[in-house]
Structure formats: structure tokens, C-alpha cells
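Consider the two complexes below, in which chain A is the common component and chain B and chain C are the respective partners.
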Partner chain A sequence: MNGKTPKAQGFRQSQAGLHTWTGLLVGWILYLIFLSGAVSYWREEITRWTQPEIGATHDVETVARGAIAHLQTVAPKAASWSIALPDERASGATATFREKARPAPRRGVDPNAVTIGPDGKVVQPRDTEGGDVFYRLHFDLRYVPVIWGRWVAGFCAMFMLVAIVSGVITHKKIFADFFTFRPGKGQRSWLDGHNALAVLALPFHAMITYTGLVTLMVLYVPWGVAANYPSKTAYYAQSITRAKPVKPTGEAAALADIGAVLKTAERAWEGGHAGLIRIDAPNDVAARITLTRRASDTLVDGRWEIVFEGVTGQIRSQVAPSSSGMIARGGMIGLHAGRFAPMTLRWLFFLSGLAGTAMVATGLVLWIAKRRQKLADPSRPHFGFRLVERLNIGAIAGLPAAMAVFLWANRLLPTGMAGRGDWEVHVMFIAWSGLLLHGFARPPRRGWIEQLALTAVLLAGLPAFNLVATQRGIVSSLMAGDMSMAVMDLVLLGLGAAFAAMAFGVARHRPAVPKVRTPRPAPTAPNAAQPMAARQPEEVEA
Partner chain B sequence: MAFGISDVNATGVGLQRKTDWRGVFDLIARIVLAAPGGYAVMAACTMLLARVLPGEALDRTLWATMLSFAIYACLVVWTFAARSALRAGAVMLAIGLAAGLLARWAA
Partner chain C sequence: MTLLAFLFCMGGFAALSLAMPRHHAALVGGPLASRRRLGLKLAGWSGLALGLAASLAAWGLAWGVIGWLGLLTTAAAPVLLAHTWWPRAKP
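The block that comes next holds the complex of A and B.
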């Protein structure tokens, strides 16, 4: 096989090489994207957990009335008000206003924004990014300009798509592979695990990778737009129709009752709910109320809007995604973000995401396991081998530990601290950097055990800390019927147990004596006594 | 496998480490063809589709852009499967030119 030029390679072999090298190149970033993406299915729950000052929302109308009452006192003459309402999984509305009719800055802290609690009163939760930190990390990365982060994520997603296609071609016995698991056999077991995880959730992986690319498709592939529009602005003008700004007349008039407006919208959307209320020129005759539909209402992500006359509460106009292209794209984005997903499906998405995370992790470990047997001198592996081996530790075990550190920072940093929300994130990345270095500093096996054990302790410690040191421990959450908080604590405990099991597994594991492929003069190793025929099939494919 | 350093070595006798320069060149050529080359050909195909698919301009644009990733993936996979880098390059160039010219004609 050595002397042959690439020309003689079969299609399947060419794809195996493509799969291995594309997979390794982007593996660590893909692992980060998969893990942060999987936990982002609990974005609202994580945000709730990180802001225990806000209780569960029971009645959205109370919150909306409270928000309007607040805005009425602080900014009765503002150009516009907006209120982001919680859905059934979230809690706390955000109410803000704009003095002048110009677009708000897209990012950064809004000094006018306040949080309205479930009782309709202003609450002061701790400064945190909550679940948004993992959601943003998933496609923007961190500490790099957002556009770079998105290009890197898109690059990795494209690699992933190629890895899926080439992976499917590589495994012609794809369904047989799924039912094959030979534990305790080193490289073989990692390969079987990698295959099983990949095939188990293959429809999910294919869907999530493709729809992920579609979420930012015009950034990655602006050529379709370039073919039909003179500029991106012209395209956006057609794809995102914005209402014209409202000119106040100066004549005062009372706003329509928000409860009645919400009910009208619910009827118009056949049971749908408002997620966002915008009121232009409040307290003016020309006032206008725009309701945007809750993202969790529909599969199709897009602009569902009803515009009301602000004073009478009559419907003026409605928009919904209507053209085939908008519906198809909205459907794909909706499928990716899973905002529509009810609890059972949400769990399935989350577990599939974890299967994807584990698939990437086993693939990275497999790269090492496969090459370990071929090392010329196992006591002194070459640089590339050592680099991948050590990076695997800090990436695979270190990242979940760092994510747990974020939750610890959320509980432990003083509430009055300047830049507290940012520091929660800095602490997470400082911890991760430390763990990446730790992976290089310790012998590999010790490194794995220590980092997995650390992750277990950090995760399982969180619900314990909540129970002992806060008002929102699992017992009080259960008593209050706040299932979201209670389940989050239980899941952290369960994940802690899973990492503890992995740490024990690595600690107990006795690595198989490496198979020596050169003929040996005498049977010295214990496994050399096995009949050769039994070991033969394992060595055929590599 | 189309990758310079010999990775598959079933016999293991005297693990061959002699670099196959033709293989390395072939690999680099394929990477260049697949990544930037495939992107350029995909861009031309997307422009063509955005102009010739049925429907309104917005729908044509969106559908063509949604399909572009499938086109790109096929081009990359095919580049590594082609018999030689030269052949891959020739076919890619032909597809790209044809799509580009047709897209221009369809404008």
C-alpha cells in the first residue's frame, strides 16, 4: 500500500483521509460549538437560574401592565417604549424607552432598561449575561470581533458538513456500525463509540449543521443577494419590512388597555402570544402599538407582527412570513434554534446535541488512540501527537469545568461589583486557560482524571451551595412549584455524577498492552497468549 | 489515502517515512481547489440559481443561498475523490466558467 500514488486510492479511502484531517483541524472549536449549542437549548432556564431574584412568571398581563405603569412614570413623553415579555420558560420582562425616534444601539448596555418581575414591579437582579453567554459563545465566540467569530463558526460548520458527507461515505456498513460496540479494546472501542454516536444522531447532526449555516447564510454566501440586488441594503429593505416611524401630533390621548390589545392579538394569531410590545408616540393621538409574536409560538422564525391604533386598540395591519423562501429559511432557523420545541422535544434536542459533543470528543480521542499504537517509541511521542493529546484534555474536560466555573462566579461574585456580568465571563475563560495549561503540565492520565474529577465536584457542588447558602435551594424551589429551578439543580447534580463516573472510569482503566505489529520473538506480554485468529479481524481496518 | 505522510501501514515492517513529494503536491493542490476554488465555483452556481430559479427575486435569492452549502459540500467531496488534482481542477474550472457565463447571460 505504501508505494501507491493517490491516484490508486479508492473513493472511500480518499474520504477517510478527508474525514480524519478535516475533523482534527476544527475538532476543538466544533466541540465548543456543540457543547455551548446543546446547553443553549436551556438558555432561558440558565438565565432564570443565574437570576434567582426573579421568580417564575404566572401571568404575562400583570407583567405587561407593570411595565407600562413604570414607563408611564419615568418616560411619559418618550418617542417609543418597548417591552420584551417572558414566555412560559423565562421570567422577568425588560422594559425600556427611547427619547428620540432613532434606532437603538444593537449592542452594549441600555441605561434605560429595567427588569419587571412577575408581580409587575421593578426588580434589581444581579448583573449577569445568564444563558446568553453560552448562546453567544455558540456562534460569536468571545474576545474576537463578532464577525470573525461568525466566520470561524461558519468555517467549522462547513467542515462539519463535509465531515458528515465523507463520514457517511467512509462507513458503508453504517447501520451495522451502529450496533457494533466492543468495549475495553482501546482504539476499537473509541471507533465504535464514535460511529454509534454519529449514526445515532445522524439526522440531527445533518439537520443542525445545515440549518446552522442557513442562520447566517447571507453573511457566508452573499452571492445570491449580489445576483439580484444592487446592494445588501436593498435586499434587507425587501426581506425585513420596517414600519415607518410615527410622527406625534402633540395632542394627548390615553392609550388603549394593553390587556385588551393582547387578547385581540391572541385571537388574530389563533392562540399565539405576544413576545414584544412596542409603543410608538405613547400618550399621543397618533400612538401606535406593535406586537411581535413570541418566538416559541411557531416553528417558522420570522416577522409575525400586528400593528394596532394606540388609542382605539383596533388592528391596523398584520405581517407574517408568506413567501416560500422566507418560510423555508424561517423553518430552518426555527428548527435550529428550537425555540418552538415543547419540553419532550427540547430534551431530545439537548441529548442529541450532547451526543454530537460526545461524537466530536470521541473523534478527537480516537485520533490519539489510533496513532498511539503506531508510535515508533511510545515513551517519547512526536510533537504533533503530544500537542493533540494534551489539547484534548484541556478542551474536552476543561471546557465543561470552565462552564461550571461561570455558574460559580454567578453565585459568588459580590452583587455590587463593577462590571460583574463581564467578570463572570472573564473568570470562566481564566479558568479554562488554566485548565488548558494544566493539561500540558501533568502526565496525560493524571490530567484526565484530575480535570474530570474537578468538573464533577464543580457541577455537583452548585446545587449543594444553592441549598445551603441561598434562598433558592432545591427544597424551596420544589415547595414553590418552581420546576425550572428545581430541574436545573437536579441536572447539575446528574451531570456532576456523570463526570465523576468518567473520572473513576479513567482511574480504574488499565490500558491494554499495546499490540505490537512487528513479529515478536517470544510471547512475553500476557495477551500474546491469545489465539491469533481471535485478534485478526480487529487489525484489518485502521 | 491522498495525504503525504504514509498513514496506512498494515505490515508495520520498517514504517516508511520517505516523503512522497508528488503526494504532498497533489494534496496541497486539492486543498486549494476545494476551499477557495470550491467557494468560487459555488458562488457562481449560487448566482446562476438566484437568477434562473422560478419565482420572485426574494424567493429565488433565498432558495439559491440555502442550496449553496449543499453545492459547496458536493464540490469539496468531489475534489478529494477525483482521480487527480489536475482533473479536479479542470472540471471545477469548467463548471465555474459555465455557471458564471450563464449567470451573466441570465441577468
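The block that comes next holds the complex of A and C.
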């Protein structure tokens, strides 16, 4: 490769090769990471949608009081209580307690945890992972040990970074083609679309990939820690200081009013809000209340804490992110996760995330479109071509369908079912496996049409089902002023319509330049795999 | 204020795209005089700058810049689509 090409075009050519193959190798996983990441900007909203039993939270103080009242009745002598409070986007609080002052298990179901509804009463929502499914999938993947998932995600992100840089270098006319999209021209259109999606959202793509690596940097680049600390535990012990356990005296005393404590914290944080209440040794003279600030409060993801005397409600101590390194890292994590983002910004993040998803998808399809022209015998493409072509169907059209299946499982599985929350996820992956196989079993063109249409029906059917079969249809959500439920239904409908348009586009698409080939029907029609460019076929002629 | 920022950015991109001979020919027709080109470029960059100012006013310093970048993306998209389908719609 090095010696054969002239030097002038050698560098860009080499970057093109690098871009193509780095992109292809991790493309399908990147697609999954991008799509699950984009929808994770609505993690709280999805969780709310999957637990319609809990209504919208209007007043956090009511919820906090309700949680404490519940804990007073079930565990007045516990070692500690903790209450995770909702923010504007979430609903309901989680209240739990610990009998003894030892750390809780990191994972698994907490038998003491209950959900407190907006009215301060205990509610029993259906068992589901909600929006956390997609959030976890985004960097942990699934069915593999978490650490492996994170290494794979990091590997893909590193390749993505390489693909971004080499893509920019190899793009011939990044400014001249800035506003250019020529539909209905096969490979040309795919390249235009891929370029437009990449260039227009380039700040987002670069930011999200880089900061994504930063979120798990201690895992990927452990040497800084290894060089400066005797062990990982020592590093965490210093960087995440934990309060010493409180020893109860045995002398009973009433707790300070939680409403007043919350207000004091709000003043100390200059308008900030508590996300987590932890009460050590409740109902004891030595009681201590620790408030942790909401992650959605500040751009910098970091630990803000205020510790109060449990009985008097006086501030004992405060913690805020201080070292510039921690603030820089926290800022990047905050930027990546967008927890801070106000609604408009959140939409911009989401749309940019979808642009990234579509960029990866168009890149994968482009690989096929580019090679289709050069096939020696189009009716019998080689193995690699067929593999990529078929995987594209089940990945690009199949994953959104499977994600919709998750939401359907959430609505349809019986509420009392054992392991219900897990089965929602199993059903999603069973559906996805089926669709991946379907992509191989059907002729590619039919495969695209069927899967895109299926995705459209699954997505658009959800709001319809909500309207007809549940109490939380779009009409009642709007009447109740519950905007996030209503908007989620509308977005599902809109996405369904978009997939329907793509399915119709592929179905109506007639290849512009029919190549001479053996008279076999549709199966390997050139450009069959072109849902997006095919959307406006008649305009091409106009 | 956010909407205003978006409109500034979109207007800026529209002017910048028209300052490019190819798009100018397709949408407006006729040759692009160098003075007009300069004017369009100036208007375009000012639009983007005003968009930044409005974003800062809407979101403050830290989030304003992030929001502006997001708006640039979403504002360039309709301009791109207009250039794709507008010339085709003309007789």
C-alpha cells in the first residue's frame, strides 16, 4: 500500500482505508452504543413511562416526609435510612433502610426498598428496570461481565475517535459540501448523508466520544493511579471520602424537621437541590442527616454533600468538588451524561445523538453501497459482502424494533410474574436475536422492508395501546398536565412514522441504474439496502 | 431567547451557504458578484456570532457555548435540506 500510491494522495487514501475498516469493525456495536446512549438522555422519562403507577411529582418535600413516615413505622431502630429523591423529571422516591451499619451489597434487589409516590404514600409499581436498561446497555452491554462490557465499549470509543479524525482528513470537500445532499443517487447519496450527519454534528461527536472515554478513564488508563497509590482501594479511599459510621448512644431524641433541613441545604447550595437523604442513627441523640446534591443540579459531576446534626438540623460539615483535576473530569462526565441539561439542551443532545446513530448506520450501509458496484457477479456476492449486508438489517432496523419490544413487554407481561424485570430484558434480546436471524433468512430487500415496517408498527402501536388499554393514554396525560408521559407517547408515534416512511421508501424504490445481470427476481437488486435515500424517489425525476 | 438564537444561527448558515457560488446559482440564479459574496459572508458570520450571544444570554457562559454548538447542528440541518429540495421544487 505504501509504495504503490503516489505521495500526494497517499496520506488521504491511507486515512480513507483506516476510516473504512475501523468504522466497519466496531460499527454495529457503535450503533448500539449511540442509539442506547441517545435514548438514555430520556432515562428518567423512560423509567416514568415504564412505571405508570407512579404519577408526576409536584412537591419533593411531601415525598420526603412520606418516606420518613414510612421508615419510622417499619424500621425506627435501623442503623441508617436512605431516601433517593426525585427531580423534576423523575417520579417517586426510593426509601430503604439498613439494620446494621455495614455497606449494602452493590448490586441485586434490596428487599427493604419501597417506592414512595408523589402523595407521600407507598406505591407498588411494576417490576422493571425502566430507562436504566438502555443506560446500562450503553456502556455495560448485557449478559457479559460488566468489566468486559466496559472494555468493549472503551475499545469501540477509541476506534470511534480514530474514525472521527481519519474521517475528517479523508473528507475531500468538508466546507464546499457543507450544505450538500444529493438524494436518489445511490452511493453518492449515502456518502452525502454520512458526511452531513458527521460534519453538522461534529462538535457533538468529538465531545461525546472523548468525554465517553473520560468517564471510565480510571479503568482504561490505570497507570496514573497505579503509580501514585499503593492499591486501587487506597485511591478510592482518598478520592471518595466516606463519613465514619455513626455510633448511636441509645438515648432517644426526635429528628429535626426534614423540610427545614432541605431548605437549609437549598440556601447553602444557592438554589441547589438534594438528591439523596441519608440518616444515620435515626431517632437517637447522635443522629446525623447527610444530604447529597442532585446530579442534575450542576454541570460538574461531583460530590456535593452537607452533613447536619440530626436532632438540631444544624450544619456540621460540607463537601464540594475542589481539586481542578476532579472538576475537569467531573465537567466532562457532566457534559457527556447531560444530567444537568435543561429541557432545550436535552433535546439538542438527543437529536445530536440520533444524528450520530444515523451517521454510524449510513456508514455501514455505505460500505455495502460502495462495494455493490464492484461485485464480480452481483447475483452471488462474496461471503464478507453478504455478512455485512445481512448484519446491517438485523442491527440497524432490528435493534430499534427490539427496544420497542422491551416497552411492549413492559406493558404486557403480568405484574405478578416472577423475575418480571429480568424477563422484559430477556424478551428484548430474544426479539433482537430473532431479527438478526431474520436478516440472514430473507432476501435483503424484503428483510429491510419487513424489519423497518415491524419497527414502525411496534413503535407507533405503543401510544395507541396506552390510549386504548391503560389509564395513562396521551389524552389523560395531557389532561393531568403530565407532559413527560404525553411527550414520550408523541415521540414514539413520531419515530414510528419515520420508520414507516423508511419502509415505504425502500418498498417503492426502483434502482436508478439497473445493471445487466441474471434474471432472478428482487433478492439481490442493487441499492436495495437504501431506506434513507429512497425516501423521495419521485422527486429525483422532477 | 433560545428560539432567537436558533433563528440567528439558521439565518447565518443560510447567508453563508448563499455565499457559495454553487448554491447561489441553484437557488438565486445568475453570477455571484464578489461584493455580494462578501456581504453574504459578513452577514452569515454575524448571524452565527449573534446566535452565540443569544445562547450565552439564554443559558449563561458554561452551558451557552454547549447550547450554541447544538443549535449550530440543528440550524444547519434545515438549511441543508432547503438546498436539497428547494431547487427541485422550482419549475
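Just so we're on the same page, the second predicted complex is superposed on the first by the 504 of 542 C-alpha atoms of A that agree within 3 Å, B and C clash if a C-alpha of one lies under 4 Å from a C-alpha of the other, contacts with A are read in each partner's own complex, and residues count from 1 in each chain.
What we mean here is this: a residue touches a chain if its C-beta (ideal position, glycine included) is under 8 Å from a C-beta of that chain, and two chains touch if they have at least 3 such contacts.
A quick note: this is a predicted structure, and the numbers were derived from the prediction, not measured.
By the touch criterion defined above, A:V214 reaches chain B but does not reach chain C. Applying the stated contact rule after C-alpha superposition, one finds that A:A196 touches chain C and leaves chain B untouched. In the overlay built on the shared chain, the residue A:G224 is in contact with chain B alone; chain C does not reach it.
Of the two partner chains, chain B is the only one touched by A:S324; chain C is not.
By the touch criterion defined above, A:R182 reaches chain C but does not reach chain B.
In the overlay built on the shared chain, the residue A:P342 is in contact with chain C alone; chain B does not reach it.
Judged by the number of chain A residues each one touches, B leads among chain B and chain C. Within the superposed three-chain model, A:S379 lies out of touch with both chain B and chain C [touch as defined at top].
In the superposed model, A:F11 lies in contact with chain B only, and not with chain C.
Residues 539, 542 of chain A contact both chain B in one complex and chain C in the other. On the chain A side of its complex with chain B, the touching residues are 1-2, 5-7, 9, 11, 13-18, 20-21, 158, 161-162, 165-166, 169, 210, 213-214, 217-218, 221, 223-229, 235, 238-239, 323-326, 328-329, 332, 374, 376, 517-518, 539-540, 542.
Residue ranges of chain A in contact with chain C, taken from their complex: 176, 178-183, 196, 200-201, 203-204, 207, 299, 335, 340-342, 344-345, 348-349, 351-352, 355, 536, 539, 542. Looking at the complex, you find that chain C touches chain A at residues 2, 13, 17, 20, 22-23, 59, 62-63, 66-67, 69-74, 76-77, 79-81, 83-85, 88. Contact residues on chain B toward chain A in their complex (touch as defined above): 1-3, 6-13, 15-16, 20, 22-23, 26-27, 42-44, 46-51, 55-66, 68-70, 72-74, 76-77, 80-81, 83-84, 103, 107.
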